[in-house]
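These notes open a run of structures that come right after.
Consider the two complexes below, in which chain A is the common component and chain B and chain C are the respective partners.
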Partner chain A sequence: MNRVKNMTTKTVSLPQLEYTHLKRNALLTLLVGALFLMDAIYKIVAHFDMSASGLVDTLTFIFVACIIYCGYLVLSLVVDGLNLKGLKKERDFSDEYSLHVIRKGHEYALACGVFIAFVFYLVPDDYVAMLSENMPAIFLAFLALGYAIPTLILLREDHE
Partner chain B sequence: MNKTLDNNIAKFRSKHKLSQQDLADAIGVSRKTISTVETGRFTPSVVIALSIAEHFETNVESLFYFEDE
Partner chain C sequence: MNKDTNMETKELTTPQAEHLFLKRNALLVVILSLFYVFMAVYELLSSVDNLALRVGFWIVSLFIIVDLIWILIRVSSLASKVKSAFWFGNYEDEFFNHLNHKAYKYSFNMAIIASFLLMMLSDNSFTTPWLDENTALIIFSTLCLSYGVPLLFWLRKGNE
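For the complex of A and B:
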């Protein structure tokens, strides 16, 4: 069986590495989705001039923290990619459960995309101007969160 | 079709003194695959079912069965 060494030189199987890679990727997607959502909320808050509520400061702090953690995750995914020459594209993963999780993630992301598109369609005219500015960010946030949350739930740790 | 699939993988593992990771490494899947198959959260392909059966030197029917049978 194809086995590779990770950064700590511990030998692990390729399916196990695919599992770890998928989990990191989902976590990164979750953070990116959260960033898009916060960006949209930030702009909506600014639109209604609610900056005195302290929400903006909190959002800025969370935003910066998310960006720093995203940087760490991107770096670890790049290192994984460099170290694990056997690691393929996600759709070519050898592990059956990982493939199942990817498929489920895509299904939920599609459902979320359709849902939010339908909500945008139903938005009253009064809010269209405000939403049109934030629509791409909200749409991307829902797609990212729709993929990442079910994926992370399905990949959660369990013990024997 | 309204049948629930159950399995004896945990019993076979325990009999052969294997951990989930040992079995996963032996048949080339992740530990999570074994764990979710054992708990019935994931139905494996015929390839995985046959690989597990081959590893335990038994047939698939001894490992997987319908709960209502």
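For the complex of A and C:
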């Protein structure tokens, strides 16, 4: 599906192009968020020394697959960006719906971020010593997921 | 000037009320973030034995707390006027809606950058116990400052 869209990039209209760009951007953010979250989980799991259970191997496999797919997404985003020159300056979408979606995404991400920051601030350090070591990574992950998941939900096909 | 506008709250039109609300909200967020920055800096300063510095610090933080309470009262006094803006962040006026969401965007990007930098720092030997303990506060205040300061800039008299 994505490959077909990529082939016809030059002939599609601007709103469609923006739609594709937004969707890929959201997918990339989702993967980046998942990667950071997984990184933190990986460290916590490694702390418990559960290598015998095979969990670490599975995580590593998902990790590598995610990184390869991220590379592909970044490439396609760059290709999109060459076509969408307006986005580089202001990053405002000319299509109303795309603009609405990206704004909703930012709202949810910020709400998520504030919530997580307060949780980390309020919960005493003794209980979450391992978590607080990876706090920026987890924060980043939740910020990215809070942006990506509402955006992807709003951009489903039946929502158009 | 501000006192006059506060007296007239009851006869305001919706865009005027929203303008005031957005402005006060931005101020509230900036002061809140200053409050948290001071909370973080206080721990750093408690090891320094300098009386003048401490007295100055206490005066400034007292001022910030009084200001916080005062601006909180003024924001909540407008809340009944601008219900959708207060609860959901949806402004009826197009321009204020645009500014609000633009500030969200800035805040989102700054939060990503800040947490990424902190994550990079936490792996190295630059890190100090102070930085580890106050990561949540630092990220939260970065998020708030980058929401409030651009809004205050855009809502100056000259920009209207």
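The definition used in the following text is that the second predicted complex is superposed on the first by the 137 of 160 C-alpha atoms of A that agree within 3 Å, B and C clash if a C-alpha of one lies under 4 Å from a C-alpha of the other, contacts with A are read in each partner's own complex, and residues count from 1 in each chain.
Everything that follows uses one rule, which is that contacts are C-beta pairs under 8 Å (C-beta built on N, C-alpha and C of every residue); 3 or more make two chains touch, one makes a residue touch a chain.
Everything quoted here is computed from the prediction, not taken from an experiment.
After superposition on chain A, the partners chain B and chain C are seen to fit next to each other with no clash. In the superposed model, A:Arg103 makes contact with chain C only, not with chain B.
After superposition on the shared chain, chain A has more residues touched by C, the comparison being chain B against chain C.
Of the two partner chains placed around the shared chain by superposition, chain C is the only one that A:Phe120 touches, whereas chain B remains out of contact. After overlaying the two complexes on the shared chain, residue contacts for A:Met135 are found with chain C alone; chain B is out of touch.
Contacts of A:Pro15 after superposition: chain B is touched, whereas chain C is not reached.
Of all Cα pairs linking chain B with chain C in the superposition, the shortest spans 9 Å.
Remark: chain B residues 19-20, 24-25, 28-33, 35-36, 39, 42, 44-45, 48 touch chain A in the complex. Note for the complex: chain C touches chain A at residues 89, 101, 104-105, 107-108, 111-112, 115-116, 118-119, 122, 132-133, 135-137, 139-140, 143, 147.
Against chain C, in their complex, chain A makes its touches with residues 91, 102-103, 106-107, 109-110, 113-114, 117-118, 120-121, 125, 132-133, 135-137, 139-140, 143-144, 147.
Listed in rising order, the residues of chain A touching chain B in the complex are 1-2, 13-16, 18-19, 94-98, 100, 155, 158, 160.
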